[in-house]
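Presented below are the structures under discussion, each in the form of structure tokens.
Look at the two complexes coming up: subunit A is in both, with subunit B in one and subunit C in the other.
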Partner chain A sequence: MEALMPFLPYIFILVLLVLYLSVVPIMIQVERKVSAWVQYRIGPNRVGPRGLLQPIADALKFLAKEDVIPNHVNKWLYIFAPTLMVFPAFFVFGVIPFGAIMINGQEILIQVGKTNIGILYVLAVSSLGVYAITFGSWASNNKYSLIGGLRSAAQMMSYELPMGLSILGMIMVVGSLRLEDIVRFQIENGWGILLQPVGALLFIVTAFAETNRLPFDLTEAEAELVGGYHTEYSSMKFAMFFLGEYCNMFTASAMITCLFLGGWHVPFIGSMGLDPAIVGYIQVVAMLMKLGFLMFFFVWVRWSLPRFRYDQLMNLGWKKLIPLALANVIITAIVMAM
Partner chain B sequence: MAHALMFYLFAALAIAASLAVILHRNIFKSATFLAGMLFCLAALFVLLDAEFIAVVQVLIYIGAITILIVFAIMLTTKINDEHKEQFNSQKFLAPILALGLLGLILTIVVKIQWTTAEISPVPSDILGLIGTALLSDFIFPFDVVSILLLVALIGATYIAKQEDRKPLVTEVDETGEHGDGKVKHALHAEEVEH
Partner chain C sequence: MAVNVKNVSMARGKSWVDLTYIIPVMKGLAITLRHLFKRKLVLQYPEEKKVLPPNYRGLHMLTRDEKGREKCVACEMCSTACPADCIRIVAGDGGWEDSREKHPIVFEIDELRCIYCGMCVEACPEDAIDMTDMHNLADYTRQDFIYDKERLLGVYDEYIKRHPDRAKRRDGQFKAMKNSSYFTVNDVHHSDQHSSH
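Up next is the complex of A and B:
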């Protein structure tokens, strides 16, 4: 165990990478099964027991399919865009703390990169995601793709502002940009959703918009745009966009958990008199369960709500969410000053 | 050693990308290279232990400003014509001025006695220090910048509002069917209100 200590960050990188990659097929299956459940259907049930092997069949299909590069596309950007979609999604998880476990009486945080600017880093890197969509849409040289890309650029820029402002209230309360500090603060003072209910609501709404999920999936809007930015993509390149979307969802869930749902904290576990080593592992499982619930919530909302109209989306972002977030910041400041 | 290698790698990439920005014939790709160049700069900031500036660089310059440029290019038709004249009428004066500026900078670089000091470690609460400095010693420039941004914001809104009204009146299509008819109707209602 002692010998392993210097390699811990690399072990964490490996474990988290495997976690991220395995979340995607699980989520595809969950998405299909939950959508079937919401719409009173059965869902995939042919491949394997209860249809559980469906994601593997999907992955095999993506890998085995012919990789078509249409003649009219801008080749370099067309190939570059799907790669860029996955990059920020994977890059962000470095600063997310998944729990604190005890090794040899020493508390070790399950987190790859320890930096002072955790939240800003997440915001900055996830703001790169919009490039993948704009590049993909522009390089496709197709009107549907272009409209999808334009919508996406406008939407993500508009919703980054309320997203940043909604976190600001929480940062003011905690006084640190480190995600692990924010979680520790919540363990002592109660969960963020109780301290900053408006901030939490705003963040969850903007997280849906930033991940391009329904009710904000105007970039794809299959009824009007065929497929939006990925219309011209097929096989593994299309799968990369898919992968990016689900990884972004996972990151958004992790951010919501760390900022407003107490991170790895389990209420009242301290008063139960358990061995601290076991508590650490229970809390890691609790963190994963919270993430699982939020991912389910993303799917649940997608199949329950209709899509916004474009002007409604912009009105909501600029005229409702931003003023509300600003008011939240000001009220937080006043309460803290008193 | 690794540090120096990384520095030269990102510095070379930044120079190559900025050359590509001005020399590439396709304006969309120029914007792409601009984003790449800014990313290399952010990497250089990280190498200098200035994480905060690096992240802000990515957040503002790449995540907001360059994406706005890309957005504007995508909205403008016929801007992607690769046969367009790349240089404006200043193509003789501009290099002379640029070379003069380069000479000026080089003289400064050569003349200054660069003292090398031990690098002091970056304080852990660097953000707190920046915040306190901005709101105490630098409160006046900070306010001036804020007001400048506010003025720009109001100006942009005013111009956008003006643009909004003019072209609609001239572009109403007489032969248009559903859509245009509605525009006409809405315009008419607005005129009545006034």
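Up next is the complex of A and C:
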């Protein structure tokens, strides 16, 4: 065990990467099944027992498809955009703390990168995702893609603001930008969703907008824009956009968990008198379950709500969410000053 | 301003609770959550089949009389009634030995033109044409969907194998059949394959 200590960050990188990549096929299956059940359908049930191998079939199909690069595209940007889509989600994931386990009586945080500016880093990197969409749509040289890309840029711009402001309240309460500090604070003082209910609501709503999920998926709006920004993409490049969407969802779920759902904290577990080593592992599982629930929540909302109209989206962002977020920050400040 | 212009502003008839979106969204989520656990309505088609009602209007058949000949007397009532004009009949003389004055030499129904309205069945004075519960027709060319007399008689042969009671109808026992299995839904299970040609 001692000898392993210097390599721990690398082990964490490996474990989290595997976790991260395995989430995507699972989510695709969950998405298809839940969408089917919501609509009284059965969903994929042909490949493997109960259709469980469907994601593998999907992946093989993507790999085997012809990789079309249309003549009218800007080739380098066109190839670059899908890769860019996945990176921000991966980068953000590095700073998410997954729990604290005891090794040799020493508490070790399951987290790859320990940065002082945790949340600022997350906000900065996750907003890079929009470049992928904008590049992809611009490079496609197609009017539908371009409209999708423009919408995406405008949407991100309008929702980044309330997102930052909604986190601000939480940061003020905690007094630290480090995600692990925020989780520890919640373990002692109660979950963020109780301390900052409005902030939590705003963050969840803006997280949907940031990940381009319904009801805010105006960038792909099938009914109006064919496929939106990925209209011209096929085979593995399209799959990369897909992958990016699910990775972003996972990252957003992790952020929601860390900021407002107490991270790896399980309520009342301290008073049960369990061995601290076991508690550590239970809490990692709890973290994963919270993530799982939030992922399900993303899917659930997608198949329940209709898409916003573009002007409604802008109205909601600028006229409701931003004033609400500002009010939240101000009220938090007043309460703290008292 | 025109008379019928409606103002579809968001706020009309809504309380402020609805306008926060939160309660309506939660209601919607509750509905879809209930859907997750309900019985699914989809039939797994090749394995499960829908139970068809007895009066289902599917592929036609030409019924046979007790001697095994087609009952049709080539009166052309059906082709006259047919709104899709998809029945072609060429009448011929039965001759002395056949004891029938007139019968169809050619009887063709274009099953692709047919709209399955059942008018031909209504029109027929001889109960010679009827519809079956076979609906999953598949073939390679359009020509293959023009069913000739032999094929339509073949459909009958196959149909009465599954519905033996149907044969009695030609013997004027129609009324007595009312309570027989021919009219119960259970009997009309699954027309799967029909290899009528």
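In the analysis below, the second predicted complex is superposed on the first by the 338 of 338 C-alpha atoms of A that agree within 3 Å, B and C clash if a C-alpha of one lies under 4 Å from a C-alpha of the other, contacts with A are read in each partner's own complex, and residues count from 1 in each chain.
One rule holds for everything that comes next: a residue touches a chain if its C-beta (ideal position, glycine included) is under 8 Å from a C-beta of that chain, and two chains touch if they have at least 3 such contacts.
As the structure is a prediction and not an experimental result, all values here were calculated from the model.
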Subunit B or subunit C, by number of subunit A residues touched: B
Which superposed partner A:15 touches (first subunit B, second subunit C, both, neither): neither
Contacts of A:39 with subunit B and subunit C, given as first, second, both or neither: second
Subunit B residues within the subunit A interface of the complex: 28-29, 32, 35, 51-52, 55-56, 58-59, 62-64, 67-68, 70-71, 74-75, 124-127
Complex contacts: residues of subunit C adjacent to subunit A: 22, 25, 28-29, 31-33, 35-42, 44
Residues on subunit A engaged by subunit B in the complex (per definition of touch): 77, 115-117, 120-121, 123-125, 127-128, 130-131, 134-135, 138, 146, 149-150, 153-154, 157, 160, 177
Subunit C partner contacts - residues on subunit A that touch it in the complex: 34, 36-42, 45, 201, 300-301, 303-305
